[in-house]
Amino acid sequence: MAAPLASGFAGADKPEYADYSRCIHCGLCLNHCPTYRLWHQEADSPRGRIRQMHLVDEGRLELGAGFVTHIDRCLDCRACETACPSGVEYGKLVELARTQIEQRYKRPLASRAARDFVYRRLLPYPKRIAAAARILWVYQRSGLAALARSSGALRLLGLQQRERLMPEIDSKFFFSEMGKTYPARGARRARVAFFAGCVAQVTFSDLNRATIRVLQANGCEVVVPANQVCCGALPAHAGVRDVARDLARANLAAVPEKDFDAIITNAAGCGSTLKEYAHLFGGNDASHQPAARFASKIRDVSEFLAELGLTAPLRTLPLRVTYQDSCHLAHGQKIREAPRKLIRAVPGVELVEMPWADQCCGSAGVYNVTETKASLELLGLKMGSVRETKAQAIVTANPGCILQLRAGAEIHGTGHEVLHVVELLDRAISRRD
Amino acid sequence: MPANETRQSTAIDSRLLRDLKKLLGKDGVLHKPEDLLLYEYDGSVEVARPDCVVFPRTAEDVVGIAQLANRHKIPLVGRGAGTGLSGGAIARHGGIITSFARMNRIVEIDADNQRARVQPGVVNADLSTAVEHLGLHYAPDPSSQKACTIGGNVSENSGGPHTLAYGVTTNHVVALEIVLPSGELVHLGSTALDAPGYDLTGLFVGSEGTFGLVTEITVKLTRLPEAIKTLLAIYDSIDDATETVAEITARGITPAACEMLDGWTIRAVEDYVHAGFPLNCSAILLIDVDGLREVAEAEAKDVEDVCRRHRAREVRVARDARERDLLWKGRKNAFGAAGRLAPSYYTQDGVIPRTKLPATLRRISEISKKYGLQIGNVFHAGDGNLHPIILFDERNEKQFRDTIRAADEIIEFCIQVGGSITGEHGVGMEKDRLMPLLFSEADLNLMRRVRDVFNPTGLLNPGKILPDSKGCGEIYVRPQPASAAPPA
Amino acid sequence: MSMTSTEIASRLAEIAGAANVASDPAQTAAYRVDGKTPAAVARPGSSEEVAGIVKFAAAERLAIIPTGARTKLGIGMPPRQYDLALDMTGLDRVVAYDPGDLTLSVEPGITLRKLESVLGEHKQFLPLEVPFMDRATAGGTIASGVDSPLRQLYGTARDYLLGMEFVTGDGVATKSGGRVVKNVTGYDIHKLMAGALGTLGVITKINLRTFPMPRMTRTYVATFRWANGACEFRHAIARSHLRPQSIEIIAARDSSLLRLDDRPEALFDKGRWSVLVSAAGEAGVLDRYRSELETLARGADRNALESFTELSDADQERLTSYIREFPALAPKASQPAAILKISALPKSLVGLAEGIRSMAIKHDVPWAVMMRGVGVTYLALMARDQSAESLRHLKDACSSALRCCVERMWGRGVMLWCPPEFKREMNVWGESSSDFALMQKLKNVFDAHGIFAPGRFVGGL
């Protein structure tokens, strides 16, 4: 036997033997992995990615371009966790692998600059998000967008499809609602904090408002804690753990969890990270216990409402819908029934399941921007499944998914309306037509 | 690198590589070491690295691949999803792995005649899903059915829990399109039944990839049952549970499935799946009866009666599909759940006459004590197919060796009581050394000559099923699993 | 062959004992195959004796045909050479029977009736309702590949065959499979032996899965005015949740071919298409079958249904045995007759039925047909009388039917039984398929000297 080789990993934030050796390479994850289903290569399957981490750790594989490519291509949708009989925490492993890449691999300059800007200079700062959004808003409303599209400039730059996947910036940001309290309608049944998200504040302010209205209508007093920041999901998924930790600490300080029955989020991606805040800190870290307490209060809005029970009267909405499981709700938080239960609760709404409803639509955080081609292929498959149901609208549970599916409806010309579960409820509750 | 890897081939011939790329396109060929490392394993504990991995999309591609491999005298190995448990899809002596993952089209569904024509890379469960709206399914349901491919099932003659009543793969395959290692494309069997001539389809199914590469499969589709009843019987004694199985069989009830888990496994599963299994029992039986509503109801009553007569503490009947799915989830996740409790586990796949169940389980318990190894029992009790799970820590060399010894002792007992060394996982590169325990040299010789009819050079999936003709009784050193050496 | 029959007999006597060997033409005549009589007959009592005899035959290049009850020797082409009949009825023991495991191991010479009684004691059975039931042996049944109406539910012998022991052409005793119900150890060579007509080896032991005997069985008959109704009824059953034991569609141009003296009249009158469905289970289950089958029959083709009946016990027994023996109508018929077996897909049965009707009318021969629900069809054709002209009509009809199998795409056709003289100009197996080269190579592996029933099987194997 040759002498043991040196591990390609270093430091504390790395995939650990105890975690990855739980994978028994049975392969049950393969057919559930969107990227394996696209390319059918082990390297782009959960089993193959875990094996690569293992090999890097053993020193048999270099932490180089190949490894980075396959780990980058992972959507972190965690469908493999649902399929795994051994309980491998894949999401945790891939985030730690990305942390290693972040620390030990030198990406090309442009990529480094972009990542640095987004994860370190933009997301952590609400004001900068607002500023960036204003610029985009001007682009989108000033006619510049139309000009760029019609002139073919985007196509020349290879940005045409990518541009379609960009969020549309709201005219009225949600930042203005921070620190406010919204009373329960009728008898108060619960007091909750609303976690508003970061990018969502500039792109999904209507959704946020709808969420608050639905909660109020069902007897919840809703507080939007001031000083809350980005949940840290995007940096954590990208392996930028130090930023994620800073953001988590800021949120722990901003939301006194003991004052609330629950902390509500309408973004499945945020919810899954918030629920796993304790993972960010080692057992000995001073923030570990507070993070665990905080996490225990986090509820996805669907989960919370399904558990609480709807009391607001709902009017009939004649609509045939299909539900797209948001990955971080179905796989990350294991919540599948709650949103379906809420959808079925609306009189007149017919829920038709699509095949592979719990396969990723290709949105996956910033995946649609970083891996546009794969993202669009997945979106194409998804829209095919949607079509089979002959539904008029797609309901889902995460802003990222909504953006992606709206782009899908546009690119494929299917004309589907895309709604969040609470938007559907809001519509059924709302007095204004 | 495991020291005992026997392959001599080093780098693959550059001309061969060029020709393969010409045939399949650049993205149809993998040859960089970092990619090949990901094809050195399957679902088993075996390991060996190929020299090249190719991804055909059509039967013509496969013909081309076979011709090239043949011309270059290089081993050729087929692979589906790589979920097999005996190393069937591993390139034991290197060479080209042909991955059928991209040949995954359902070619035709003929509901009227209850047939489907599929490419080999179609995932087992995907076929059943695709025909569900027609009230049909593809009956063989290996536990890996959500990932494993029908091509792989054909090669291994895969079983599954419900094959007790519905039969294994060979009972559901009527015709095959195969490519011989010479590159010749041949059709075996026919879509209609009873093709005149030797039953080559029957011979081919279960040949573990040593006869030919399958490029298309015609299977029977089975009507879904009108009603399914799932019963969970809970016991305080393993003997009571095994005797129940024996009596169910003897009474002439053929359940659709009859699975048993012992107390230790139940606790491991419950902790993880929360299927509602009681923690303080010694064994459970999970039994499906199905068919016409009236039949399922009557059989459920009969089964319940037998369970109670054999001192079942409690018999629960699943009230709806959700409860049933949960119970079955507990069963299907049993191996993974057990795997969580130790760094490694080894699953045996012995078969015994069902009348020998009680004696065999007692023997397994003795073996467990003898080596001080935890052995869990999860198995297809209805057809006597045992899957003892031996837990071990691969970093502990003695324990690793003891595990293999214990596994062998269990198999020896199976043979002693008239059983067999593998019920559904296949011989592969795992049990070829055990073949002489069941078959004489004459038997093995005939098998070798039959293989040579299809695979005269022996270069198609070499080192599988049949022990090296000279090597009987040689001491076998199992390659260490990749995870054997934890990083320093 | 350079040895005389006396020499052969004396050598055989050394192996199997003189009492078990005969070369007297009066005795060997009973082993005739398509007009060829063997020089000697040996009746071995053990697999060692079988191996010894085969070794001897291989050395002397004597051609062997293993036989059981000799009921199906008319199947296949005439042997190119035939020196030695191997009468396997001496190996007729139950080697092992584990009723609790539902597994059985027998020697090939045991009769199905004997097995029936052994298994019956434990309320078990084999779903082998095959022609010549009263005489047939297990080995002959499996080697000849005849099927059973019960295949609708249980499949054919290959589906419940667990393993086998056999002697190959070099006189070596070998085996494959095992005796447990689930097993993937080694190649399933025994599947090759099933239906190989003794051309690969001499079977010396057969391991089978047995089945619990159903408590009650009922047969229902729906009679239709034309074929379409009958076939639609078959399809409706296939689409339902019912799991009958057997579905048989029967029609006859000339009811004399049906040889039913006191038949339930309406069922088999000229031109009628009857569907016989049998089901097993408790009374409540059978009630369900009765009512649902009747509904399906009415819905199949409203104008075509004439009657729907549940058979009495006596009628059921008579009809069951009739259906069982149908594939052997030809060798049992009083006139020269033939049976063509056609493998087709269920959906094409209607077209096949029409094709058969018009073909038979054109050739002016009495005919009857039985179509199994799984798509396997037996067409019986009979000469009107013993005259040369009638025989010629029969032969023309046979050739035409075989041709239609290919040209009209009826399905794969095999002339299972016909007057031996037809075989001079007719290949009873039809055309060979693309996998024939592999079959030839396999034959060589098992029987390098070509001593097992040479020429009888597909493509002259």
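Order of writing sets the labels: A, B and C. Residues in every chain begin at 1.
Note that in this section a residue touches a chain if its C-beta (ideal position, glycine included) is under 8 Å from a C-beta of that chain, and two chains touch if they have at least 3 such contacts.
Nothing here was measured: the structure is a model prediction, and the numbers come from that model.
**Q** Going by the touch rule set out above, what shape does the chain contact graph take here: line, ring, star, complete or other?
**A** Shape of the chain contacts: a line, open at both ends.
**Q** With chain centres defined as mean CA positions, report which chain is farthest from chain A.
**A** C
**Q** Once you find the CA centre of chain A and the CA centre of chain C, what distance in Å lies between them?
**A** The computed centroid separation for chain A versus chain C comes out at 64 Å.
**Q** Which whole number of Å gives the spacing of the CA centres of chain A and chain B?
**A** Each chain reduced to its C-alpha mean, chain A and chain B end up 37 Å apart.
**Q** Using mean CA coordinates as chain centres, what's the chain B-chain C distance in Å?
**A** Inter-chain centre distance comes to 34 Å.
**Q** Give the residues of chain B that touch two or more other chains, as numbers and ranges in rising order.
**A** There are none in chain B.
**Q** Using the touch definition up top, name the residues of chain C that touch chain B in the complex.
**A** Residue list for chain C touching chain B: 98-103, 123-124, 145, 147, 155-156, 158-159, 168, 172-176, 178-189, 191-192, 194-196, 200, 211-213, 235, 238-239, 241-243, 281-282, 284-285, 288, 341, 343-347, 374-376, 411-412, 414, 429-430, 432-436, 438-439, 441-442, 445-446, 457-459.
**Q** In the complex, go through chain B and note every residue touching chain A.
**A** Interface residues on the chain B side: 1, 3, 30, 32, 34-35, 37-39, 41-43, 55, 81-83, 99, 101-102, 104, 121, 123, 125-126, 129, 144, 146-148, 272, 332-333, 335-337, 339-340, 343-345, 482-483, 485-488.
**Q** Under the definition above, what is the set of chain B residues touching chain C in their complex?
**A** It comes out as residues 110, 112-115, 135, 156-157, 159, 163, 167-168, 170-171, 186-188, 190-200, 202-203, 205-207, 223, 225-226, 246, 249-254, 291-292, 294-295, 298, 351-356, 380, 383-385, 418-427, 431, 435, 438-440, 442-443, 446-447, 449-454, 465.
**Q** So in the complex, which bits of chain A are touching chain B?
**A** 1-2, 4, 6-7, 9, 17, 21-22, 24-32, 40-43, 48, 51-52, 54-55, 57-62, 66-67, 83-87, 355
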